[in-house]
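Labels A, B, C and D are assigned to the chains in the order they are written; within every chain, residues are numbered from 1.
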Amino acid sequence: MLTTERGRIVLGLFAITVLGIAAVYLFGGKDSNLVTQTVVTGLLLGGVYVLVSLGLTLIFGVLGIVNFAQGAMLAMAMYLVYFMVSSAGINPYLAVVLSAPIMFGFGWLVQSTLMNRLITDVGHSRPLLVTLGLSLLISNTLLMIFGGRPLNVPSPYAGSVQILGAIADVPRIIAFVGAVIVAGGLIVILRKSPLGLAIRAVAANGTGASLVGVNVKRIYAMTFGLGAASVGVAGGLLAPFTSLVPSAGDQFTTLAFVIVVLGGLGSVPGALVGGIFIGLLQTVGSLFLPGSGPLLLVFGMFVLVLFLRPQGLFGANK
Amino acid sequence: MTALGVAAPERLADLKRRLPTGARLHFSVLALVLVVMAFLPLVVPESALPVAIRTLVFAIMAVGWNLMSGYGGMFSFGHAAFFGVGAYTNAYLLTAFGVSPWIGMIVGAGLSAGVGVLIAYLCLKYKLAGSYFALATFAFAQMFLLVTLNMEFLNKSEGINIPLLPEESWSMLQFDQGSLYYYWIPLVLLGVAVAVSISFVYSRPGQFAQAIRDDPTAAESLGIKVMKYRLIPVALSCAVTAVAGAFYTQYYLFIGPDQAFGLHVSTDAIIPAVIGGIGTIWGPLIGAAVIGPLSAVVAGFLRDPPPFLEFLYGTSGLDIAIYAILLILIVVFLPKGIYGTIRERRRK
Amino acid sequence: MKKHTLVVVAVAVALGMSGCSGTSNVAAGGDSVDSVTIGSIHPLSGSLSGVGGLMNAGAKMAVADINEAGGIESLGGATLVLNEGDSQGKAEIGQSEAQRLISEGAVALIGTYQSDVTQNVASVAERAKVPLVIDVAVDDKILEQGYSYSFRIQPDATSMGASGARSLIAMGEATGTEIDTVAYIHIEGAFGGSVFEAFKTEAEATGITVADEITYSGANFSDATTQVTQALASDPDVIVVTGYFPDNLLIAEAVNALKPDIKAVFGIASGAYDDNSFPAAAGEAASNILSANYHYSATSDRVADIRTRFEAANGESMETASMLSYQAVEVIAAALEESGSVDPEVLRDAISALSLTDPLLEFNGPIEFDENGQNINATVVVMQVQDGAVEQVFPTEIATKEAILPAFSR
Amino acid sequence: MSLLVLDGLSKSFGGLVALGNVNLEIADREYLGIIGPNGAGKTTLLSVLAGQLRPTSGKIVFDGQDITGWSADRVASVGLVRTFQLMRPFESMTVLENVAIASHNKIRSIPKARDHAADVIDRVGLGTYKDAMSGTLPTAGLKRLELARALALEPRVLLLDEVLAGLVPTERAPIIDLLREIHQDGVTVLFVEHIMAAVLALSERLLVMHEGQQLALGVPADVIQDVAVVDAYLGEDY
């Protein structure tokens, strides 16, 4: 029942997207090369959004934490990679392998020392304020250590390739592929591993899970850790094409929330589909709307989804 | 005169009878607090005045936020929307039509209440609660920001400047730099906001709103119109917040999209209320009194550190990092906020 | 009754406060004082803390240099003291910092980098009757308020757009490069919008077509490929760009990836293209990008000396914004010297009447302010990234390298 | 004439029929007991009557007025008031405030509403807890609070959902007395309850429900003899 409904939604969204793009080709009055380029760029941008949202969908979906430190954690991961690349001279993509476990440890620590004290809280204000404080703390600590001047991580694979006549930046393609791999990895962990089973049990019913012997607080810490590790990978993959400033991640925080709600809380495939959809919407939108117009489009859609399907595209009915 | 003299005690007695003891106590404390605070500028250095004024603005916003989110139980993460509507209404009416800021303040409060009621009505109609409600209000604030950026008549991203007058004017709410009226006026506005809070909390609609917050199903089964009594605190909340916005514009003589609708505006309203204690009369004030000066105090301390901390001097970002740590610690270790925790201890 | 007493008390106290707080204000009229305080306000934390920190360091260095050279002679060798403020990039914090600095005795202010913060600080300065020397802040509107205490060293947005257009045209003629159509990509908002409008007016007057105007939101911009592709759809000779560092970088990278058949990427008031960290950050993509902007003089020995010492002291290259902060302190010091007074109102008149020769930036002449407070000789020069370094290429009198135009051979 | 008429009342959730074609006429001042195993649809019936759930089909007529599909607050204000099996106090409030919320429905003045609430509280025997925070009450106290809030609305029909559940026998007796008293004061009562002794002691008629259907209706003594009832009800629970 659920799978068919999901199937319908994916199919529907896919059809809407394809029809939308077709309409832009046919009636948009834009050069077809431009549209192709826009679609390719949108897909790749979607990959970036997916990377940033994957961690959040776990943290928001399982723990119910509106994590406003998501962007700052992303910046932290980027600086980690920068530090490893600039001091040890290692390949940035190798540095990702190291930054993910470090970020996992960081996330685990945050949840077990701070956030776990707040889980009995019925309101949402305290976890939110703590992550807000955390975000300030992280970005200002980065400022103290690295300064505010833009830094950069050179990609060993800089350059671009042609896809269907459109130009695509190699580091961005790597990030896109990375997004799919991370999503796949998370799906496997959640579906196949004992930890994943425990996480899903806790997400579905924390009290019930604790009754059958699951250490809920430990699972919470692991989940936040897993979310942070995803952010760690994201930071590493984005660093080669981002100007590193302590606030570099902030612009992604709000969009990540839009994507996670759109996809459905805690749904990894939802974040994947949602991220790509928002990337496309924003990029194709920018063909027709100047300046912040596409962003307005994104938020307008966000509110519509909240009203009409608050459980998100992939979320189970409440 | 005699008639008045005779009537007054009667009226007072009547008032006493109508007001519950709790409300009477709160009103007395409020009067005392206002009187004490009115003399505050006389003892603090002049350079602290801007910080004190900013703190008062925070406090008004927090009192407003607390009405909707503390007593109404609807967590707003988009109070910037209501602050901004108040600020821009005042700025626009003043610059385009020369309308007095006092009137602009009232119009802005009304408009903001209307906007807030509409947004909350939509959110409640579609049964958004908790984080979803918060994110929806946040999305509306963001949309207001983006729309303002594209509104020619609101000067787009440039914002609106309040023209400087050659001399002080009560009707145009403009005084000399450093005038203490800039302190006393928001103090009075804060007093009014708190008085509104107290009256609301102990009123019939206020009691209904709190019952709905605690348990909407039970409240409805007792004959309470849930939607109506949820929207009343929303309207009051938005109006109070809009007043803060209007005063902000008059004091800073400038409002832009980011100053009006930025994310930090929403958090400025939330932080003092949470730090002080959600759903309490005095929480927002105490929270503002702690948080408002905190970053200035930390920054001041670091500008002139004791000798053994000399090496910290000039490290940019350190003041905010310390502020962030203090914020986290207060939130984590005082679950009900400063005032809420104290009250709880006292009860036990 | 009660109210009146309150007012009286308050006024008395306010008077008392202003009396005791201004340690140096009272010693007006050529009296010798030990020290003179200048307040500086820059974004030392927040997203602009990088450039804010550099500017603050520039101002600090100017103060140190002046003190080392004997302080303000006409005030009996009084030393300068820099009281530093952090706007955090927020207008209201900037305003309260300005008030704090003034109440702590600053006789003049410098700052602030952002237009909205500067706007707020300017109104504080005006009301407190303390001069504000704006080092960086581009918006025309700041000086259009009719304020008499605000002065700006850098050119405003409109004049940058217009002179950017003139420079581009002149360079095209000088190198024999035909420039008929341009596409313009700029950040949404007052800054981008007013530079663009001025450019368009000037360019169209000389027969250049502005074929397309593409705007983007600075709040959310992580890939410029669409914008650049869109700009290329109108088949321009040159893509003109106005925006901040990260967006400029993205645009340069997108152009490099697309390798279009255009003659140049030409930044006007661009945050990145003449920044010394840009060539390293963009690598190949930086190569031959042009930028019309105000710039520290690359031909002056005095500037070279300041920059060398700055880099030695701070470990970072001294950018133009930082040089402007240095310059702003010099302007105030010169006015102090001229007036021999620490009365801010007298100081204002001195700044207004100033003619400061040997400016640290490539300007048309000495720093002199018009009745609005705008430096009349402020102008832009054109720079180009050549062999991994930012070089001045136009006008030819101040060029450090010859311009490469067409910039790309494709 | 009947005070409350249920005409073909049905409620289903998705494919699940929670209430199937209930037809019932309840006279003014009647005391109707409703029994049935868990999941029989008793609470659903109360929720539909109280307006919390909208019936899938059928009609509810109260005092000659069709109230089908009315919102819960409207139903409550015309005098059809329910209590909850799982008690739902307003936890941030004292006992007095909890009850005053209900009193406020008819009484606008705050002190008068409080006086009224205090009377009701005394009547249900919670007088000593008047100023206690409602969250701190023991189960028996919360049951009385539920009752007090409902009574403060001065209902014509009381819909009681297991007010005796979770109480030890010594706590039950005074509440049973109270319920009898309320009924004698002229209130019609629909009494969903598991405690058979109380049901038999109070009810004038007894409705037995099973899987959403009316199984039997009549004088308690007769109904209880019915074999089907024994099978359906006692067979499961005892």
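Keep in mind that, in the parts below, contacts are C-beta pairs under 8 Å (C-beta built on N, C-alpha and C of every residue); 3 or more make two chains touch, one makes a residue touch a chain.
Since the model is a prediction, treat every value here as computed from it, not as a measurement.
J.: Over the chains that touch one another, what is the least number of steps taking chain B to chain C?
T.: 1
J.: From chain A, which chain is the farthest off, judged by mean CA positions?
T.: Relative to chain A, the chain whose C-alpha centre sits farthest away is D.
J.: Which pair wins on C-beta contacts, A-C or B-D?
T.: A-C
J.: If you average the CA atoms of chain A and of chain D, how many Å lie between those two points?
T.: About 50 Å separates the centre of chain A from that of chain D.
J.: Go ahead and note the Å separation of the Cα centroids belonging to chain A and chain C.
T.: So the centroids are 37 Å from each other.
J.: Measuring from the mean C-alpha position of chain B to the mean C-alpha position of chain D, what distance in angstrom results?
T.: 43
J.: As a quick test, compute the distance in whole Å between the mean CA positions of chain A and chain B.
T.: Measuring from centre to centre gives 33 Å for this pair.
J.: Listing for chain C: what residues touch at least two other chains?
T.: 45, 49, 52-53, 188-189, 217, in rising order.
J.: If I count partner chains per residue in chain D, which residues reach a count of at least 2?
T.: none
J.: What are the residues of chain B that contact at least two other chains?
T.: Chain B, residues with two or more chain partners: 149, 316-317, 320.
J.: Tell me the shape of the graph of touching chains, choosing from line, ring, star, complete and other.
T.: Basically it's none of the tidy shapes, so other.
J.: Under the stated touch criterion, can you name all the chain pairs that qualify?
T.: Listed in label order, the chain pairs in contact are A-B, A-C, B-C, B-D.
J.: Please give the residue numbers of chain B that touch chain A in the complex, ascending.
T.: Chain B residues touching chain A: 69, 75, 77, 122, 126-128, 130-132, 134-136, 138-140, 142-143, 146-147, 149-150, 263, 267, 270-271, 274, 278, 315-318, 320-321, 323-325, 327-328, 331-332, 335.
J.: Where on chain D is chain B touching in the complex?
T.: Where chain D meets chain B, its residues are 50, 52, 71-74, 76-77, 81-82, 84, 88-93, 97-98, 100-102, 104-105, 108-111, 113-114, 149-150, 153.
J.: Going by the contact rule set out above, which residues of chain B touch chain C in the complex?
T.: 38, 41-42, 45-47, 49-51, 53-54, 149, 156-159, 161, 163-164, 176-180, 184, 248, 252-254, 256, 258-259, 264, 296, 299, 303, 314, 316-317, 319-320
J.: Touching chain B in the complex: which residues of chain A?
T.: 60, 64, 66, 114, 117-118, 121, 123-126, 128-130, 132-134, 136-137, 139-141, 143-144, 148, 246, 254, 257-258, 261, 291-293, 295-296, 299-300, 302-303, 306-308, 310
J.: Residue numbers of chain C touching chain B in their complex, please.
T.: 6, 9-11, 13-14, 17-18, 21, 44-45, 49, 52-53, 84, 86, 88, 90-92, 95-96, 99-100, 103-104, 116, 119-120, 123-124, 126-128, 139, 141, 145, 147, 188-190, 193, 217
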